[in-house]
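The two complexes that follow have chain A in common; it is paired with chain B in the first and with chain C in the second.
Entry: the complex of A and B
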């Protein structure tokens, strides 16, 4: 089976499993919206302040709740199913790409959902909105790759549900920095190219690391 | 004489703070079925995972289906190994048919919906094919695993307590799977507690006691 076919087959079935379970749509997104709602409730209706902090709050929420999405999807996959795929001869790199791709699509949906809630609750005024068409996918891709690598790192370890977020969140800091600074740039009308480039570089490094470490991590998993 | 399907020598497995397996020598002759007995924590599942090439031993050497443990040939060898573990390897929100189709598609290298449905019919699950795995009994989920084995037709069949909780009809499927593999010249290794129930299915037995192979009989 070609790598491309392995990837498309896995993405199709993994997404179907996740979407039918509805964890992201029914649990993570509503929970994130509640989190977005608590900030205005805590600091009061100070419209200029909410406009100013809205983008930063949004990306913090995306990062923290996005970890839930990545871990739900990658590290918590049934261990027996991982064994089954290993024995089926699925290339570890294909598994990395497939899991990342499926998680990326889920995260993108999550970002859009949380983004709409942010617009309603914080009403941030951004110039050049179209840049978000680059920022959202770049951040989702990076977070998805970090989540998949983290899931592979802790696969088979006791306490992996606690360990994985501890690995994912610190590594995701450059993504949070790049995305938040770029959005702040859009808010104040400053150039954001360097921040977009930072996200692209981080994604490239993660893609290389993910593909190159997929096999050693799989072989070392117990 | 045909070379054994599996041949392990002086295998040891160490995990943090514990020596799980010690100096294991194990041969699974071609065309044979072996039962591996032992109490909880004796190392049966660990040894099965070594045989399945899913766990690299801390010491020792061996071959599985002609390939040395840890060698580059393991990828191609793994496709010829069928493992049914404690937990069924199913995606909970996929239907039984979709789970069988996923395994069949990857094993056969092409879309394999019809093969999956045919295999489900053979294990008596045709009527439940569209039911989600999470809404099925453990016995039904086990049968999906049996269907997967019928599709991939492994040369080395490994069953880790796969027979627990099965009704007599499903028990017959286990027997059918084992005899299918051995008739083709492959081998089966059945990890179990209940000696009386499993003995009629196999022609050899071995017993693990605290990580040491205590008996290996023909």
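Entry: the complex of A and C
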């Protein structure tokens, strides 16, 4: 089976699993909306302030709740399933790309859902909205790759549910900075190209690291 | 445990740097408070150095699959986390009288704290495995990915305008620091570097001993060793 075929089969499998379980749509997105609702209660009902900080809160929510998307049940295949894929000769790099792609698509959906909630609740004013067409996929891709690598690092461990966020969230901070600074640039009408470039560079480094380290991670499967 | 030349060198250079830091004149603006820089700056330097060594150890392990490189990466990260914590703590102690706050939302500060937590996660991951080979495989991957933070922390003072001062010594034009103060600072950097080498070397040895202790003893655990020959017909053993 070609590499491309392996990837498309695995992506379809992961997305079908999500479609059946609805973990992102029915659990993570509503949970994120609850967070978006409760933050103004904690910092006070100051509409101009909320309008100003809304995009920053949105990106924080994307990063923190995005970890839940990357560590969802379907992406953490049980040991037996991993063994079966390994014995079937599925390329470890194909597995990395497939899980990343599936997570990327789900994260993109999550970003759009949480973004709509942010627009409704915080009413942020951004110039050049079209830049979001680049920012959302770049951030989702980076977070998906970090999440996939992090998920593979903690696979099979008893404390993986607490260890995975500790590994994933700090490493994802450059993505948060790039996305939040770019959105702030859009808010005040400043140039954001260097932040978009930062996101692109981080994504490229992560893609290389993910593909090149897929085999060692596969070899260390417990 | 016997003291080795590297340990003695660490103690000697540290004592010399300590004396140098005390005898140089105080800073014209900050007074004696500036002397904390002789701990803060070398600690921050060691943070970069140690995490770079972790990156190198991880990459080389993934290439040659020798556990000694993984031990080097882990030892360096462990020492690096201690010195990153020291850099953060001394920065806060210095910041309170100078900036008026223990903590400020400066890019360098925040990203250094994030780097601290990245490597805490790295150490937590290492501790999750009993098998040295599995530990080495997984932590090497994280050692490579985590290094993404290092350039971002370094360039943060240039990318964001914050309170933290831009580079004083490592700048393209002349260093903006008086010669005696620069001398004391460089002495401290050298001393901390030797201390780092001594600590990492000891930690590598300790990890090797831990790995050896975890390894099952082949002489005890042979198949069937629990079975003894039956005693028949009133024979004595």
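Just so we're on the same page, the second predicted complex is superposed on the first by the 219 of 222 C-alpha atoms of A that agree within 3 Å, B and C clash if a C-alpha of one lies under 4 Å from a C-alpha of the other, contacts with A are read in each partner's own complex, and residues count from 1 in each chain.
Simple rule for what comes next: contacts are C-beta pairs under 8 Å (C-beta built on N, C-alpha and C of every residue); 3 or more make two chains touch, one makes a residue touch a chain.
Predicted model, so just to flag it, every value in this text is computed and none were measured.
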Partner chain(s) touched by A:219 [first = chain B, second = chain C, both, neither]: both
First (chain B), second (chain C), both or neither touched by A:126: neither
Which of chain B and chain C A:16 touches, first, second, both or neither: first
Which of chain B and chain C A:83 touches, first, second, both or neither: first
Touched partner set for A:50, first chain B, second chain C, both or neither: neither
Chain B versus chain C as contact partner of A:68, first or second or both or neither: neither
Touching partner for A:146 - first (chain B), second (chain C), both, neither: second
Contacts on chain A seen with chain B and repeated with chain C across the two complexes: 219-220, 222
Touching residues on chain B, where the partner in the complex is chain A: 15, 49, 52, 54-56, 75-76, 78-79, 81-83, 85-94, 98, 102-103, 105-107, 109-110, 132, 148, 152
Footprint of chain A on chain C - complex, ascending: 62, 111, 114-115, 117-118, 120-122, 124-125, 128-129, 131, 133-134, 137-138, 140-142, 144-146, 148-149, 152, 159
Chain A - residues contacting chain C, complex: 146, 149, 152-154, 157, 159, 163, 166-167, 170-171, 173-174, 177, 194, 202, 205-206, 209, 213, 216-217, 219-220, 222
In the complex, chain A residues that touch chain B: 1, 5-6, 9, 13-14, 16-18, 20-21, 78-81, 83-90, 219-220, 222
